[in-house]
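So that you can tell them apart, the chains are marked A, B and C in the order they are listed, and the count of residues begins at 1 in each.
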Amino acid sequence: MDRFLFLTVDGLSRGAVYAAFALALVLIWRGTRIVNFAQGVMAVATSYAAYSVTGATGSYWAGFFVALLAGLVLGAVVERVVMRHVEQAPPLNAVIVALGLVLVFQGGLGMIYGSQYLPLPTPYSRVAMTVGGVPLLSRYDLFVFGTVLALMLSLALLFTRTATGLRMRAAAFEPQVARLLGVNVGGMLTLGWALAALVGALAGMLVIPTGLGLHPTAMDLVFVSAFTAAVVGGLDSPLGAVVGGLVVGLVLSYVGGYLGSGTTPLAVLALLVVVLLARPGGLFSAAQARRV
Amino acid sequence: MRRSTLLRHLGITALAALILFVLTYVLDPFRDYQLATAAAYLCAAAGLTVLTGLNGQLSLGHGALMAIGAYAVALSQNRFSAHGVTALWTLPVSLAAGVVTATVCGAVIGVAAARLRGPYLAGLTLVVAIAVPAMATVFGGVFHGDQGLSVWLPPVPAALGENFPFEQWQAWLALTAALLTMLLLANLIRSRFGRTLRAVRDNEVAARLAGISVARTQVLAFVVSAACAGLGGGMFAVLAQSVSPSAFTLTLSLNLLLAVVVGGLGSLAGAVWGSLLLVLLPYWTDALVGRLVLSPALHQRLAGNLPLAIFGLLLIVVMIAAPGGIQGLLNRAGRWVRGRRPGRPARRAEPFAQEAEPPAPAASRT
Amino acid sequence: MTALLEVSGLTAGYDGVPVLHGIDLRLPAGTICAVLGANGAGKTTLLRTLSGLVRPSAGRIVYDGAELRDVSVPHLVRRGLAHVPEGRGVIAELTVEENLRLGGLWRRDRREIRRGMAEVYELFEPLALRRKHLGHQLSGGEAQMLALGRALVARPRLLLLDEPSLGLAPRIIAQIMGLLRRLRDDTGLTVLLVEQNVRSALSIADEGVVMSLGRVVAVAEADRLAGDAALRHAYLGF
């Protein structure tokens, strides 16, 4: 029972990260109908930036905030310089370009930092605190939950309460109409990518320290899991992404805990296959809204 | 497919075989090995270009299918060797086993993927690419995890003489496999099935209305490309004389994609250019890095990663600026040349290429 | 009366295929001009070129005294030009309120936006009752009201309307046409109205422009157009 509780908490903790990452994927998908296959490597790149800054200044938080800032900048730059050229093209092109980015980043980071696993610190202890004699949450878990929740609430507020958020949604749903209403659609797209990269950067900083360490391929499995989460929830649904993320986190935690950690990629595959076969549109897929 | 097309394909294959045969004698053993590697890549790349370029299904998992073929060959060969069977015919049998295994897996994936489009398909195959190598660790008893397996191979036939370079022998094996693959695929492309593939890619609804079973076409396309990947992977096992998960990572799948896109999506000739690129680029960058005086550690870091970065850059630039790849550029150049000489009748396009420019991801249209 | 909009020699098209061939048009402020013609005449393209969605290959557009040259769509919107496209363009995933707010967002002043929205709610009572409904939950008539209302929130000076009567019941069409007339009379709104429903359009228009195959083939006062049987037969089919 202890183990089950522990795995559950651990699963939710990872699930929170997957949820955030899946949210980033959904953000870009809704805005541009592109799945950003480079989201993972971008998060790795920002984490490497944090590593360098922390190494130079000795402060974790300096590195943390630099990572987030770098995420914003990186997302905007990638959209403006690269993805802009394939946004109107067939979706195959955008996928291939994103994969090209993956290779560029992985090669570049490998050249700069090498291919050993570098340690990325955590600001809080990862030792589980005992609640009623049962080791449950660690301070780090609370940190993860807290930041992801804060981020999601901020994004939700941004999108539903602010003028910018309204513009972004309009630009995502009906770019032509939005243009006619004076919305700077291109700018909104860039902003969307910047925000998504910010979320990805946060996810990277939260999850990499819990794995083998910093490495150009450190986020591959996370990307794949988050993609599965997004698909499970339905690529169009932010709520679905969050639920999907938690579900995937839990499933992987149980599978890894009871069957051995090597089996996690297989579990992801199995989950993805099952969901895609049963409901190709995802669990939360809404009927296509009627056009008026 | 008309008999004349078949004969033409056979003729070209025979001619190519002859030229390559002579080439293997001219090249030194190291170059022969490179040639062999390119040929192995070509088997998989040719299949992938048909699947993605002509049928529109993007697969990021063909590296995994190669892995399946490779491990099947490894296990089969080791089985033979364990039972003391050392004849030459074990090799084609093992390769066939590799092809069959990969084909079956390809069918499974193909069925799962038949209803998927775009990013969903890419995502599924991506997960396959990551999950399959993980199986080597999970089923460590059979596959020996990260250590991998060594592959026993029958020796070079005595008839070729004592000093016949092993690399040249490997090149012969790989080239045979590649030529066979190219011949079969070329015929397939020109057949009715080839037209069906393209019809489904261009307009699913219209194809369905024309009576084509879209799902069956998708699965068959996947199966065919999986068979080719299995052969390529089996060849990998023969060339490296070992198999391990680290040789079949996601990067391999991405490299295959790179090869077909940069070479020219949908074009068999493009697959040739792409495969050559895959072999030559790391070699060139290694030579380039070698010019710089660096510590061995730094050299390793650069040499290992520079090709990746360049590949990625190529992929991006080609996709944005020249979606037809190398073959597309060649076609355009060819048309320009022909246009300048009005007296000459337009010759038919190269048999291994498409009738027109690789149609593939069209340049952006508003 | 100064012309709010003057177009001369306008040529535009898609992917190098010209759809408009040298259009001339003069639209005085505070009038309603109906643009009529068969399908494929280029009416929609005309509106899209005027609002900046399509770049002209030749010709001049002078709006409010200034020539428009490579002007972006948002810029035009800020100068008081509103375009309600074919199909209305109601954003199905946003609420009525959000759609309306979107119309006025380019104005910095939040009070102005709120006032504009309040006016629209006054004009269109059904919308006021359905503030929180999503775009796709509206009926055809309500959607048209929303699209129109959204354009009006921004207090435009020139309104480009593309086939507002499409798919609407006659009663609603009459309501909308009546509203346009009132807006012209009360606020001096200028309207360029593309319509298939010729009778309704001519009933409120001051002037009619008939297009065919990308050219203007007839310009006349609305009453004359409605009354000239030969012209009607030739170009308007009745």
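In the analysis below, a residue touches a chain if its C-beta (ideal position, glycine included) is under 8 Å from a C-beta of that chain, and two chains touch if they have at least 3 such contacts.
Just so we're clear, the structure is a prediction, and the values are computed from it rather than from any experiment.
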Selected interface, A-B versus A-C, where C-beta contact pairs are more numerous: A-B
Identifier of the chain whose CA centre is least distant from the whole-structure CA centre: A
Centre-of-Cα separation between subunit C and subunit B, whole angstrom: 56
Separation of subunit A from subunit C, taking each centre as the mean of its C-alpha atoms, in whole Å: 43
Intercentroid distance (Cα basis), subunit B paired with subunit A, Å: 32
Two or more partner chains touched - positions in subunit B: 365-366
Complex contacts: residues of subunit B adjacent to subunit A: 52, 56, 58, 60, 112, 115-116, 118-120, 122-124, 126-128, 130-131, 134-135, 137-138, 250-251, 254, 257-258, 261, 297, 301-302, 304-316, 319-320, 323, 361-366
Touch list for subunit A against partner subunit B, complex: 29, 34-35, 37, 82, 85-86, 88-93, 95-97, 99-111, 114-115, 217, 220-221, 224, 227-228, 231, 235, 260, 262-266, 268-269, 272-273, 276-277, 280
Partner subunit C, residues of subunit A touching it in the complex: 163, 166-167, 169-170, 173-174, 176-184, 289-292
Interfacial residue positions of subunit C with respect to subunit A in the complex: 51, 53, 73-74, 77-78, 82-83, 85, 87-94, 98, 101-103, 105-106, 134-136, 138, 140, 143, 150, 154
